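Think of it as A, B, C and D in the order they're written, each chain with its own count starting at 1.
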């Protein structure tokens, strides 16, 4: 959709590995040595687990290695000797995002508006839904809409079809925008740390169904929203973003739902933005977000 | 400590009862009829439970009834016919607050500073603790400090002594400032909706022990504090005030503890302030706060 | 667009007048007397200015007066004797809202999504713009789009045409969604307290042009957004809603713009929602919001 | 007051200089080369001004250079060739903080509670005031209290005495806790970027006197507090921390003052904490805070 010239191209490297002194120096020197101009660097050490995390961005312009070379040489000289798990991303490759929706449109509208206005550098090749209700929204934004009605009987077969579609469309990651189906562990395994959900509570409070009703019943003075990577444990995956808003005794459940919608869409969009910017690293069911 | 002249005296009436049309008119007319100048009025209807809540303040100056008369006539003419639960408070009677502490001083310091500077109209006749550590703080602010070491064996007897002390001192309500003991149901029954606790999480998440450790383990992006009235169910009483602060992967547990301290003391002080202002009404394990 | 049956119809009365004891009783008794079941009541006294404000909602079902009668009798018996400024609204009449835009689409998308999904009970008969850029967005949501290019020479004539269009369409109020033109005092006079703007700073800081650039230059640690009624004084009208978000030294101006967009659309939508709910009263260049 | 053993000693280096590729590698390699185990590193590049900022912490245990050597060698080999402005701090030297107060005690109480409880590693050798009112608070916390009444006639002479006292007490930095005097430019020059103030508004809105009154008059829906380094321009120095709280039409000025007190003390304490942790770097009237 949007192309960046080679001149502006940026490489992003994400790393985690057992910590030992000197890792920052090792990586930054590697890049300096090959003439890479670092434009952003973040690092973190989990001192309990003794794990080192790093994200570094540099300009490909002037860098003395090709994409293939940097991968090969970095792996051989830096990653393997230091036992690193790593990935590299180049900014001219737009991530491909699939959207899953059911009946509620607020998150969908919000993400499509960001896409359509050019706020986000992303491709959205498809929207998947278990209801037909939001097909007109997809049509309005000219995104192919795939309707998969789901019942107990067809769930496994439907997920297989959905997965085939995601593969066919080279989807990098998926966003569940108040998608009211629980994905199977098999499905999730195909996209580890690449399915983002929004849950309408400040987790771990009020997991599962009807969190606004439960919040109202408990008489809390805050409601929240939590965006997290989906794992096989319901609403228990690594948290990317959370926020809350104050409520009072005046707020009936329908008011919590109304106020919550704004939280949900903003929190989800923050999480997706961090993911798109390659600012997230996952370890031990937690998310490092280099904000 | 601080006395208000009769001229400035304010009466506060708190009411709840089954809702029916016209309750506001009935109460406001009663006050108007007796020449009461209303200076603040809040009402709320819980439409699910069909309960009416009201708080009204008026000036005693110019009011045509004495304290004794207003109680008697209001009960006979208004409260009984409408099945009201009600209480009335006069501003020249300072509430008497007992503080319970263990080893952490941040909430204690904060409340004592508000007391000492005259920010709050309250009397603090005593501090009770199961440790001696904070005796010097009490001494510094010239509040009698009562040390009650607690073991499994003496818990019941100790609570009896504490209760006797509270009665002797005409204590109206108690504040648990990170008091690390669980009060017995019998104790709580003596002060229903009159014991305020601060819990260091956004309840209902992370009840019980070590909430910051559990928050860290779960990888949340927010930590919170909750002040609530104490009931026999641990950390499950009616919530008065809650707030949160954002955290990140950089925050080790000790940082959560540090940031949490500020939340705890501010949230607790908001709750105590609302209670002191007679702005709270409790029904169905929830708190109406007429903020 | 959406019709309510007579049975569910709700009347809303907004009042302000010089304060004196007994106003609440007078109004609630009037409604009780005519069999009006009050479902919401808020009042406020500005003790400095000695002005009484009130908002009351009741069910028309069972009410013994017609719409015409309630207006006539309330005016004669209650409003005139108490020197009240007042208005009454019935819930089956959808407010008609005009949108003004320029080149930025985030607020427009957000409001149209609320409209399209049925979140808001409002009609949007037209969008007015001084640029053609957002015509496709209007088309996507099937709202008539009126393009009025503006230059120094044609400003007065253009405003006259815009006003004629607003009158023709029976517009009740207008929302400026990052509309980059300053309306003349004459234009504003036609819609007093009925034009809502969003300014991208926490006013009164950074009024006028380029607030994010100025915020960045000043090195603030917060950015904000403010929604207010438009008056002849630029960015100085009565404030309806404000909010902020934390920023850091890492945030370049383009990041402030990005983070600010989310604030702008949420703050603007809160203000428009309050206006739609008839929850706002304006006095002395300030806004009472009965939230 | 509190001593750290040599084993736990931590060195902190703060740097800023013109940016060029490789600075991170140069510094981290210097430390690695001398066996310094880096435990925290933050860096930032101001791409507009092309300035590089860095903060790095390492353990002195195992480091192969003495304090004197690290200063000399770093200056010669790293700082001078790269045109660096830098400072180094060792964790066994407690910073010495002077407090300036007038009549309001909330910030003073808050900071003294942090000091007294051991929350902060700091020495407070003295409190300076232009009023006697808070002498009992100082006495309660056993901090020497110096009373300097100030008039137009004696201002210059008084400041000279205050400065002499600060020098005599080896004060590192000063905190103005609602100190209601404007320090002269000469005074400020003696402690550049080492005097921290709290202003009771979200600057740049409502600088100077009576910000709560002005906020009330303007009808804002938020109030704020700002902590900044003091410069010769009133309330215009580099901002360290800011925060806000929501208010409504119900809040009279005295309520803004009450709610504001909590903001002021929390925001000031965050700023002082960042300063104590050597997390702040100042450039171009802005503050980098490596939070």
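The criterion applied here is as follows: a residue touches a chain if its C-beta (ideal position, glycine included) is under 8 Å from a C-beta of that chain, and two chains touch if they have at least 3 such contacts.
Keep in mind that this is a model prediction, so the values were computed, not measured.
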Listed chain pair B-D, A-C or C-D that repeats interface A-B [over half of contact pairs the same by residue number]: C-D
Far-end chain from chain A, centres as C-alpha averages: B
Same or different contact residues where chain D meets its copy chain C, judged by the half mark: same
Chain centre separation (chain A, chain D; CA means) in Å: 37
Where chain C and chain D are represented by their mean Cα positions, the distance between them in whole Å: 42
Overlap residues in chain D, where contacts from two or more other chains coincide: 47, 291
Touching residues on chain D, where the partner in the complex is chain A: 21-22, 24-25, 28-29, 31-32, 36-39, 41, 43, 45, 47, 246
Chain A-facing residues of chain C, complex: 105-106, 109-110, 113, 116-117, 119, 137, 140-141, 250, 258, 261-262, 266, 269
Touching residues (chain side chain A, partner chain B) in the complex: 44, 46-48, 202-206, 218-222, 224, 238-244, 248-250, 252, 285-289, 291
